[in-house]
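In what comes next, subunit A is part of two complexes: it sits with subunit B in the first one and with subunit C in the second one.
Our next item is the complex of A and B:
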């Protein structure tokens, strides 16, 4: 308890650094980041300490009036995620903030601290009002952070879009809370959980909660703000937004499902499952297409939150069957993947920041290339992160996805009849496709940025980052590998959380290898054995090739006798061409060819080729909606002529009508 | 009391016919004076010490004194003292007033059958509705302020009839509210005449985006 309060004080100290005089800007920055790191360390430590106990009773942090802050199993997981994210991005921010010197740095740093603090409060709040308050602070602070570089082109529009969208989400969550709390004495979580509601009310509450939290998590089609907002924010902020803030949506959704809404209905699970699958698929597909480095990562977040929610959906579906004990695996998969995704995504956003810094602010991967030579350490860390997000074995990304697949497998046997089997098949196919896309997207991400030769001359002058930024990326990449190889404790912890505090399900056996179910002999993932095998193979290969010059010496690529230029490399757009072709029906790319004049007698006309990918969700869903809204407003405008007298007339008519209605009602 | 109410209704009817700004304010003064007298009579009946007369005194000071004074000083500075709408408009508002009298009595008989202060409640409703009608039908800002004070008088009369004396703190609150509203309105009207060279509120429609 004391540790957590200490963390709070650190955060508050960090928030106060905005009052440090301007000429001591860097002091303020270091103080704020230091406070964030310390505070997050406290939060992380206390969450982990709590997770390691038997979690039999919630731990009270503090009580202020009617508001109380408590830690139970479910939020301890997210506090750990927030704490870890805060530590890593805080360390990174120490160095990264230097680039914002003279550019409202004090505000950036103190808002950063506030952002972490608000997320801690979201996780800890134990009543609806406190939760909504913290949620709203989180939304507004992240809006301000997205808007930090408002002088850049298009940033404020993006920030505005984010603000509007996030408020729609908050409205939905508010509705959900009030529907759930319609019969309760107060809005404390404990009294909300006690209440029993009828099916209709629960359905409305579920729908509102799902819309609200899906918007924050960036599930399709409510994700449109995400690929815009994340690239606009400073890198350590987008790392935090993508890695931690999105998980807060999972936290809130889990609260509703496990604590407030009572028994799960079948269609809830089906809705979550399908929306999540579509998100995962669309996110991965668009991640393949984007050329803005941070946009790729943002779409990858959509994909990964999709996978997390597939786990949730599978768990919810299984809860409606007779085999409730199988549901555990889906929820465990969600927790594990959320945790791992937060580390990986933080890492990759941080390396994106380093690359941007090295490339003097360039975000377009088409203009990069060959950076591995100039930034070897960043390249290594990015490789590890990219491997994780592509879900390769021995990295942490694999564990969560593997567990999700395992839980999908349980759908097959959960119930007689073909319905669940069809669902499982559907899930397998689309998740498999998603994983393949993700692999492609990150091969492209790493390959285009770090391999080959520089495509522009900015790339030739790229510099390796140094100091705290490398340390932060190093910590993250170490964690990505460590969590991948020693994943069993994490999974065990997740199982414990689900078991002790949420749904009461029988424990499943588990040891250093992951074996989700004792009675099935198939489907065991033993990362340690794999790692050992990998090391042995590597040693053997190295021994065989050592000083034997087996590898061909490198030379310039043969290019039909001419010297190859940098522009002849595989481009990012070219790399994703096959996928764009194959999924043209979904993506609907717009290709424009315009013929210019002849510049040489012996050659044909010059051709200008333009390729653009429309944002189909914006074009086909949001634009018509906006159009419709404006039309509706135009109808309303007829009543609002601007004449004050007419307005008073409306009041008078309303008053007289109410009086007459009252008289009639009485008589 | 009945005679007083008849007088009040007569004044209200007169109010709907007046198109000259100064006369309208004088009429408003008369109306407020009648309300003050009514307050005084209620205070006499309740007989709970000196502060039962406080409402009457406050009404006299604010609605007969301060507010008309502010309006008069404002009117002096304006060049055009006439309401712009035509006489037909006056006929319509008088007819509306007559309709409101009937409607009010019908409503009272339906909603509060057998109430002792039937006439007071009905006249207060007439006052409220007529005040609103004045705001809607007149376009000069001063006339609309007059309408607002009429509404306020009606509400006050209604409160008096229903509760037989509100707590002192609420009375004070109401009076301060009205006073400040009117002061603000007077200032705004002055600004209006400075900016647009007229106090016709129709020009405000131009401000709409």
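Our next item is the complex of A and C:
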């Protein structure tokens, strides 16, 4: 308890650094980042200590008036994620702040601390009002952070789009809480359970909660703000937003499903499952198409939150079958993947920040290439992160995805019948496509940025980052490998948490754990054994192939007898062309070809190709919606004539209607 | 611990066997193909000769490359060997128990590193091969997982040992026939056989795998060839264990499958790159039917 309170004081100290005089800007920055690191360390430690003990009773942190802060199994996981994310991005921010010197650095640092603190409060709040308050602080602070570089072109529009979207989400969550709380005495979480309420009310509450949290998690089609907002923010902030803030949506959604909404309906599970699968698929597909480095990562977040919610959806579907104990695996998969994704995504956003500053602010991967020679350490760390997000075995990205696949198979184990088989088939196909696209997206991400030859002059002068930024990336890439190889304790911890959270279900039995020590028939992933074998085989292979003069000479690349130039390399757009063409029916790329007038009519004409790939959800869903909204507003304006007499008339009509309604209600 | 040591030895024997047999299987396919085309063809041991020749040749690499380019062949072979270790082949190997998702993902490591290395030389050939490989894999992966689902439906597990086709209940049923055909189609795509890829040509319009490895030579190329052969054998193994319709000894199943590949390769043309999606969709539909019919 004391540890957590200490953390709070650190955060408050960090927030106060905004009052340090401007000429001591860097001091304020270091102080704020240091306070964030310390505070997050406290939060992380206390969450881990709580998770490792028996978790038998909730741990009360403090009570302020009507608001109480408490730690139980479910939110301790998210506190651990927030704490770890805060530590890593805090360390990274120490060095990264230099780029913002003279550019409202004090505000940036103190808002950064506030952002981490608000997420801790979201996880800890134990009543609806406190939760909504913290949620709102989180939303507003992240808006301010996205808007930090408002003088850059297009940033403020993106920030306001984010502000509007996130408030729609908050409104939906508010509705959900009020529906849930309609029958309760107060808005304490403990009194919000609504098992006694009728199905209609619970359906409304579920729908509102799902819309609100899906918007925050960036599930399709509510994701449109995400690929815009995350690239606009400073890199350590985008790392926090993608790595940590999205998971808060999972936290809130889990609260609703596990604690408030009562027995799960089949169509809830179906809705979550389908939306999540489409998100995973669409996110990965767009990630393979984007050329803005941070946009690729943002779309990959959409994909990974999709995978996380596939786990949730599968669990919810399984809860409606006769084998409720199998549902556990879906929820476990969701937690594990959320945790692992948070670290991998933090790592890659940090690398993106380093690359951006090595490339003097360039974010377009078409202009990079060959950076591996100039930034070898960043290249190594990015490779590890990319392998993780491509879900390769022995990295942490694989564990969650593997568990998700396992839980999908339980859909057919739990209930016979064609319906569940087709659901499982839908899941397998979508996640298969997702995995393949994600692999492609990160091959492209790493290959175009770091391999080959520089495509522009800026790339030839790229500089390696140093100091705390490398340390932060090093820590997180170490974690990606370590948690991939030693994944068993994390999975067991997740199982423990789910066991505590879902008390109504029988405890998870051993043959569902599917870890090395378990039943042989379930199919086992034994990363430790695989890693050991990998090392043994690598040594043997090295011994067999070692030859002193293995490389006789190095020469220029074969280019059919001509000297190759760096422009002959595949571009990022060209690299994803086959997929873009094969899935053109979904992506609908807009291709334009025009001939430049000045050139010769028949010979050696200069041709201009243009390719644009707008997000289809923006074009086909939001723009028509906006159009109709404006039309409806114009229509409604007709009754607003400005005449006072007419307004008095409206008031009278409304009054009469209320009276009639009141009379009917009494009768 | 004696037990563990024994198992490790068994595992290494399994890996060595698979590695040593792989060139022979591809040699058999090539020989049969030659017969079908009224040629005498090279010896079935030609694969070994080629590897030995490449092994002795010097290696030339491009000046632009990074360490990824050097490491890629080794990691490719290692990932294939790890996948081979996951495969239960009747040895009493319990050290690394096989799960089909782990198997598929281990092969994905090889794809990841090879497509990366294709971008490393800074030429258009490599990028061409890499982007096509990723396109094919985006089509194969979902269908492959559907095949996994169809095989895992009855046993309800994804351990490869548990998924072995059950000849008492699945002897010539509709669903087993459908999934057998579909997986054979996947096998052809995954191994780079003719309707999808033609490794024998050196024309950039048709190449996929050859494009990616164009810059490799000598010992590194030998390693890549060996890894591809072992990977091909592994997929054939999976086909034989999980989908082969008749109960025969494993070795005979493998040879029959290799012969079937030769027949199909001789009777078909390579299809256009963007027709592969219809080919894979067909396989996917067959598998859906198989899943529903079970």
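As a convention for this text, the second predicted complex is superposed on the first by the 607 of 667 C-alpha atoms of A that agree within 3 Å, B and C clash if a C-alpha of one lies under 4 Å from a C-alpha of the other, contacts with A are read in each partner's own complex, and residues count from 1 in each chain.
Keep in mind that, in the parts below, a residue touches a chain if its C-beta (ideal position, glycine included) is under 8 Å from a C-beta of that chain, and two chains touch if they have at least 3 such contacts.
As the structure is a prediction and not an experimental result, all values here were calculated from the model.
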Touching partner for A:556 - first (subunit B), second (subunit C), both, neither: second
Subunit A residues touched by each partner, larger count belonging to subunit B or subunit C: C
Partner chain(s) touched by A:183 [first = subunit B, second = subunit C, both, neither]: neither
First (subunit B), second (subunit C), both or neither touched by A:467: neither
First, second, both or neither for A:361, with subunit B first and subunit C second: neither
First (subunit B), second (subunit C), both or neither touched by A:447: second
Subunit B versus subunit C as contact partner of A:489, first or second or both or neither: neither
First, second, both or neither for A:419, with subunit B first and subunit C second: neither
First (subunit B), second (subunit C), both or neither touched by A:655: first
Contacts on subunit A seen with subunit B and repeated with subunit C across the two complexes: none
Complex interface listing, subunit C residues touching subunit A: 11, 15, 58-66, 68, 70, 74, 77-78, 81-82, 85-86, 94-102, 105-106, 108-109, 111-112, 115-116, 118-128, 130-132, 134-135, 137-146, 148-149, 152-153, 156-162, 214-215, 218-219, 223, 273-274, 277, 284, 288, 291-292
Subunit A-touching residues of subunit B, taken from the complex the two chains share: 103, 106-107, 110-111, 125, 128-129, 132-133, 135-139, 144, 201-202, 204-205, 207-208
Complex interface listing, subunit A residues touching subunit C: 369-370, 372-373, 379, 383, 387, 390-393, 398, 402, 405-406, 409, 412-413, 418, 421-422, 424-425, 428-433, 435-437, 439-440, 442-444, 446-448, 450-453, 520-526, 529-530, 533-534, 537-538, 541-542, 545, 547, 549-559, 564, 566, 568-570, 574-579, 581-582
Subunit B-facing residues of subunit A, complex: 640-646, 648-649, 651-652, 655-656, 659-660, 662-664, 666-667
